[in-house]
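Presented below are the structures under discussion, each in the form of C-alpha cells.
Below are two complexes that have chain A in common, paired first with chain B and then with chain C.
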Partner chain A sequence: MSEPEPFFQGFLDDYFAECDEHLAGATRALLALEASLGTTGTDRVLIDELFRDFHSLKGISAMVELRPAEQLAHHLEDYLGAIRDRKVTLTAAGIDVLIDGTQRLEQVVNAYRSHQPPPSIDDVAARIEAIAPRPVKPDAGPDRVAERRAPEPSLPRWRCTFVPTRELLARGVGVDNIRKRLTEIGTIIDAVPHVRPDGTIAFQFTLETAAADAIDALLSDGVVVEPIDSTAVVGDAPGAVRPPGAGSTAAPTHIVRVDLMRLDQLMQNVGDLVISRSRLTEALTRLERHVPSSEWRSVQENIVAIDRQLRTLREGIMRIRLVPIGEIFRRMPFVVRDLARESGKKITLDLQGQGTEIDKYLIERMLDPVLHLVRNAVSHGIETPDVRIANGKRPEGTITLSAFTSGETVTIEVADDGRGVDAAAVAARARAAGLPVPADTLDGSALLALLCSSGFSTNDEADRASGRGVGMSVVKSTVEQLSGTVTMTTEPGGGTRFTVELPLTLAITDALIGRVGAEVFALPQGAVQEVIEVTSSDVRLVERNEIIPYRRGALPIVRLARLFGIDSAVGERFHVFVVGRGAAAVGLAVDRIIGQREIVVRAINDPLARVDGISGATDLGDGRVVLILDPGALATFVRTREARAVGAVGDWGRLQA
Partner chain B sequence: MHRILIVDDSPTIRKMVRASLQALQPVEFLDAATGLEAIEHLALARVHLVVLDLNMPDMHGIDVLKFVRRQPRYKDVPILILTTRGDDASRQTAQQAGATHYMTKPFAPDALAATVQALLADFAFAESDGV
Partner chain C sequence: MTTGASAANDTFIVFSVAATAYALRSQQVQHMEMIDQVTRVPNAAPFVDGVVFSRGQVVPAVNLRVRFGFERAPYDVRTRLLVVQADARQVGLVVDAAREFVKIPVTAIQPPQEALAGLSGKYVEGIVSLNERLILVLNLEHLVNFSEPLVAA
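Right after this comes the complex of A and B.
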C-alpha cells in the first residue's frame, strides 16, 4: 500500500460529505461533553460516538491518502480509546485538546478540498500525546459498566419482535426502518438478532416508552409487541449498551446525497415549464374571443390548475435544496469560545432557529458573512466583564444568532447586548479615511453605510484574529449579490443587531412588472415594500434630486426612463416602487405597473453584458427578454447621488442586442 | 452470478469496495450500514461472500461474525474482515470467531479484488465438493 491510488480520487465528494457529517457529529458531542463536565460523570455514549467519528475519519482519510488527516484522527481516536477504557479521565484540558484537534482536522480537510497546503498538525498531535497515556496492555477489566445509570423513573418496557421478509423489505420495511420508527416512539434499550426454531431470523428490540399506543402503527408491518414485566427487567443487565440513535446526540442520518447540479438542472426544466405555461396563457388570451364562453371556462380552469401544480412542483424541488442553517450555526460555538477566551470576555452564544432551512447555495455563500458578524460581535460588541459590571450589566455578555423564514424570505440576525456602535468614533474614522460623512446625526443605516464602504479599514482585530480580511463591505456585497439586504440597529450601551434578509430561492420568484416607455422591467416582489401612485405635481426638486412626500417624510425617487435613457412621455400620473426601509427607502419610478408574474431568473453571466442595477433577465412568455431590476444596486445609485444618466444608454443598447 | 454483501457504516467505504469489486462480473452487491441490516440481508437472500467492517455503531463486526457463523447456512460462507488499521488485537479475535480472511484499510483495490476472487473460487470448490 505504497503506490498512490488515483482510483479512489473519484470518491472525493463522498469523502468530503462524510467528513462533514463526522466533524459535525464530533462537534456536537464535544460541546455536549464540555457542558456536562463535572456534573454527571463522563457520558459513555458520547465518548463512544466520538471514538467512532474519529475512527471513521481515520479510515476514510487513509483511503484517499490524506495523511495528516489520517494521523490526526488516529491521535484523537487513541486518546478517546484511552478515555473509553478508563485509562485516563477526561478533564477540561482534555476537552480543549479534543476541540482544537477537531478544528485542526476540519482545517486539514478543508485545505485539501480547496487545494491548499494543509496546516501542520504537529503541535496538536504533541499536545494529545502529552495527555494521553502510553499504550499499555489493554486490561479489559469487568469495570466497563455504563457510568451514567442513575435510577431513572421506570417507564413501561415492551418487547418488539420483527421478522424480516422479502415482501416487507420490498416495500421499504427493513430492520433499519423498524429501529428508526421505534426510536421515534421511545428508547431502545437493546436490539438483538435471534434464530427462531424454524431457522428464520427475528430481531428483538427492548423498547422503553410511555406512548404504547404509538407502537400499534408497527403491528401492520409484522412487528409483534408484548409487554415486559418491569420488575423483572429494571435494574438488570448493567452492561446493556444503549444503541446509538436512541435519543443520543448524533442520530444516524437517513439521507440521500444528490449532486446539486442535478437539482439545478431540474429547476432549469421547471423554469422552462413556467415559461411555456406563460406562452400558452398568452396564446390562449388571443384565442379567447373566438371561443364560446362555456368552452372558455374549462380552458381557464385547466390553466389555473396547471399554475397551481407548477407552483407545487417548484416548491417541492426548492425544498429538496433546502438544508438547515444549523450547518452554519454549529461552527459558531467554537469561534465564540476561542475568541472570548483570547480576549478575556465571558460570552453566552444563544442559537435560535437552527432548523430553519435555506437553499444549499445560500448556506455556502453565507458562512463567511455570518462568521464575520459573529466575530465582530465578540470583538467589538461585547465588553470585558469589568467594563460590563461598571456599567451595571451582567458580567457575561450574550450573542444571539437566530434564523427564521417568513413567506419567501429568510432572515438571519446576529444580535449582541454589548456596547453598541460608537457613532462619533465611526464618523471620525470615516473622515480620516476620506469618506464623505453626513453632517446630521448618524442613524443605524447611515452608520452601516459607513462601516460597509470599501474605504473603511477592515484591518481590525477581528479580521486579524481570523486572518481572513472579510470586512463589512464584503458582508454587504455578498448579501446583495444574493439579492438580499443588510440592516443594522444599534443602541449605545445597549447592543447591536444586524439583520440579513435573503430570498429563499434565487431561481424562480414572484415579480412585479412595470413599463417604461416601450420597455418592460421586472422587480422581485420580495424587495418591494409598497407601490404608490404619484402625481407629477407632487414631485419636488432638491439639489437636482427628485423627491416626493412619503409617510410624513420625503422619498428620493429615480426615474428608470432617465437612468437607462429610454424615450418615455411621462404622464401626469405614474407609479413608484418603494424599495428599502426607513432612511434607506427609495422610489423607482415607472410609467405604469402592468401586473404581477412568476418569473424565471436567468443570471447574466457575461461580464460585458453586466450592468449595475440589472440582476438578470427573464422571459414573460411572449418571447421578449425582460430585464430584472436589482433594487439594492439601484437604491445605492440614488443614495450616493450618482443617479445620473451615466453611459447607461450604451450599456442598454448592448443588452438589447 | 455472485452476490456480495458489503457491511460498513461508512457510505464512502462501501462505495469504494463496490467500485473495487465491480470487475468481478457477473456480480450483484448488497449494502448494509449496520450489523442488524447485514443479518437481515443474510436472512433474506443467498449471499456468496461478506465484506465486513468491525467497528460499527449498533453491533460490533465480531458479534455479527459470531452470529452468522452459528447459522448452518452460513457456517462456511467466506467472510472477509476489512477494518481500519489500529485494531491489531482484533485480528486474532476475528480469526477465532470464524473470519475467512483479514485485511486492513486503507486497501488497494486490486488486492481486494484478487482476494475476493480467490475466496469465491475456494468456496465454489468447497461447495461443489459437498463439504
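Right after this comes the complex of A and C.
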C-alpha cells in the first residue's frame, strides 16, 4: 500500500478508533461469556453483542480494504451467527478460538497501524472452520448489495450523508446500522467516506430508491438526505441540492477530534503568557515605589485577577488533554487470563476507577509499566490454587488494578493477595547477582530498590517469560521520567501492592527555586518532602559520604555544587531539599532557597543538552534558562554511590555511567 | 525568491570563527541574535556552552571555535548566536561575528581541495572566492552531526 495521504490518514484514524471500540467490546463480551460458560447456558445477549462487534469490524475493515481483518472478522461473525442460530453449541474450545481470533484481529489492525506486514490469519481461520459449519461465501462488504441487484436507471437517487457521533453510537446507530437500513429501503450505488474540515468523518452513500418517504425515518438518526440530479429525473430543481459540507449537512454532534499537537501548541501559548505575566510582575515591582499607593492598589488587583484567570485557562486546556485511564486498564483482562491459564492459576482481575482521567501523554507512556506490574502480579504474586488452599486462602487469587486522583496527583495501584515478596530470597538472589544488599531487615522500599536494580530482574527466567524484557528497572525509570514515584508494600503471605504516583499534568507545575553559586535550579515541588536548614557542624562523614541527622536517623546528602562542579563558597548554613521517602530519602544541598514559583516546564529535546539529572528547563521571567532538576535520577545516583561505597565526592560523570 | 534566482544564486549568511570566513545557506538559518545569558549544562559535551531560549524552545549553544578545535574566547559585542534548523533539530551556533548576507552564484562554489589538510572535510561543502576573500561553504547536516569529531586528532 502506498503512503497514506492526509485525507486517507484522517479516515484511518477513525477506523482505528472504531476498531479499538469494537475490539474492546468483543473482549469484554468474551470474558463475560467465558465466565458464564456452563452455568446458565449460553448468554444470548453476549452472543448478539459479539456478533455485532465482529460484523462492524468486518464492515469497517472492508471500507479501508484491510482484507485479512475483514476475512478474519467474517469468519468470527459466521461462527457466532451459527451459535446464535443454534446450529452449533459454544464450547470452551470455541471460546478459546474466539479469543485467539480477537487477539489476532487486533494484531492485524495494529500491524496495519504501524505499517508492518500483518500476521497470517490462516491458522486461526482454519480452527474456526474446523468447529463452525461451512460459512457462506464471503461477501465483499458494502459493495455486495450493488452487485446483487442491478440498479434500475429509472429510480431517483439520493445522497445520504451520515456522520457518526458518540451519542448516536451509544444509541446503537453506527455506520453499519445505517448501511443496513439503507439497504432495506433501496440500493446503495456507492459508499464513500469523507473527512470533513473539522476532522470528523462523514460517510456518503448514494442510494437509489423510489421510497423517498422511508428515507425520512433516517433523518432523526443524523442522516442528511439530498436528492441527486442525475439521469433519473427528480422532481426537485437542481438548485435544491444543498452544497455538501455546508452547515446544513452538519449532523448533531458535540464531540470534536483535536490533534494533540494543536493542544500542545495551545499549552505552549499559555506557558508564554505565564512567563509574560511574571515578567510584567517583575517590571511592575520596580515601579511600585514611584506610584501612589492608591493607584498601585488597582494595578495589584488586576495582577491578581490575571493570575487567577491564567490558572483557570491553563486548567481548562489541561482538562481537554485528559483521557480515561480505562484505555490502559481494558487491555489487562486478556493478559491476566492468558498468563493465569499458562501457569494453572485462578485469578480475578478487579478494575477500579477506570474513569479516572489522566493526561494523554501519560497514558501512552504508562501502558508498558502497568502491563509489567500486572504480569508480575500474576507470575510472582498469585500462588497456584493448591498452595493457596494449603495456606487457608480462597483458591482464586485477586489482582486489583485501581486509579484515583487527589489534587494534582494521580495514583495507579496494582495490588495482589498473593504470597508477598520473599525478602530473604530477593536478598539471596541480589547477592548472587553481585548487587550490594543492606545488612538490616529489608522494608518495602529497600526491597523495591533491589527489584529495580538493573541486573536483577533480567536474570530471572520467569521474568523473561512474562515481562517481555521490560524489567522493574524500566518501570521505575519510566515513572521517574514522568516526575512520578513508585512505592511498594508487601506482606509475606498477604500480598503485594505497587503504588505509582504521577503528576496529573506536566506542562506547568509548582517548583522550589534554589541557588548554587551563581547558578539557579528549579525542583518540582511535588518531589520535595521537606526543606531543612542545615548547619555545617551537623554534617558527618561516613566512609567519605556526607550525612546529616534527620528524623531519628541519618540522611545522605549530595552537594549540587560539587556534583555539578560549580564554584560556591558554602556558608555556615545551607538548605537541603529532602527527596524520596523512607530509606530512599536523599538530601540535595543548595546554597540557599530563593523561593517557590509556578514554572512552565520546557522540554529539553536536543541530545546535546539532555543529561541525566536534568528533566527540563524553565524561565523565571528574565529570559534566562533555568534547569529543572530530576530528583529521581539524582537520588538514584546518590544511592548507588552509597551502595557501591565508592569515593567521597560523586562526580557527575559517574551519574552518566 | 523565484526558482530561477535560486538556481543561479543562493543567499548565504557569512560569519567568522577564529579569523576564517564561513557561509551557511540563509534558509538554513532561522535567525541570528546577540548572545547573552547562556545557562551551563552540567556534563554536556565540551563544545556545548550551554542552553538558551530561542522563541520558546530550549536550544543548545554549540561553540564553533571549540568545535573547530580552537580555544574558547570570551563573548564580546560581536559574538552572535545563529539558530539553525537541521532535520528536526534546532541548534544554536556561537560564532565570533556574523554580519553579512551575500548572494553567491552556485557556479562560483568550488569543491574543497585536498590541500585542506587537518579537516575531516565532510562539513566543508565548497570554497568560494568572493572579492579576493576565501569563504568556506558549510554542509549543515555534517556540521551538526555531533557524534563524530570534526577535527582530525
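To be clear about the criterion, the second predicted complex is superposed on the first by the 461 of 657 C-alpha atoms of A that agree within 3 Å, B and C clash if a C-alpha of one lies under 4 Å from a C-alpha of the other, contacts with A are read in each partner's own complex, and residues count from 1 in each chain.
We adopt the following convention: contacts are C-beta pairs under 8 Å (C-beta built on N, C-alpha and C of every residue); 3 or more make two chains touch, one makes a residue touch a chain.
Here the structure is a predicted model, which means the values were calculated and not measured.
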item: Which of chain B and chain C A:D510 touches, first, second, both or neither; value: neither
item: Touching partner for A:E34 - first (chain B), second (chain C), both, neither; value: neither
item: First (chain B), second (chain C), both or neither touched by A:L627; value: second
item: Touched partner set for A:F564, first chain B, second chain C, both or neither; value: second
item: Comparing the two partners chain B and chain C, which touches a greater set of residues in chain A; value: B
item: Touched partner set for A:E18, first chain B, second chain C, both or neither; value: first
item: Which superposed partner A:E519 touches (first chain B, second chain C, both, neither); value: second
item: Chain B - residues contacting chain A, complex; value: 9-13, 15-16, 19-20, 33-34, 36-37, 39-40, 42-45, 55, 57-59, 67, 70-72, 84-86, 89, 105-109
item: Residues on chain A engaged by chain B in the complex (per definition of touch); value: 1, 3, 5, 7-8, 10-11, 14-15, 17-18, 52, 55-56, 58-60, 62-63, 65, 74, 77-78, 138, 164-166, 169, 174-176, 179, 191, 193, 195, 199-201, 203, 243-245, 252
item: Interfacial residue positions of chain C with respect to chain A in the complex; value: 37-45, 48, 50-53, 56-60, 62, 89-91, 146
item: Footprint of chain C on chain A - complex, ascending; value: 268, 271-272, 519, 563-565, 602-609, 611, 613-614, 616-617, 619, 622-627, 652-653, 655-656
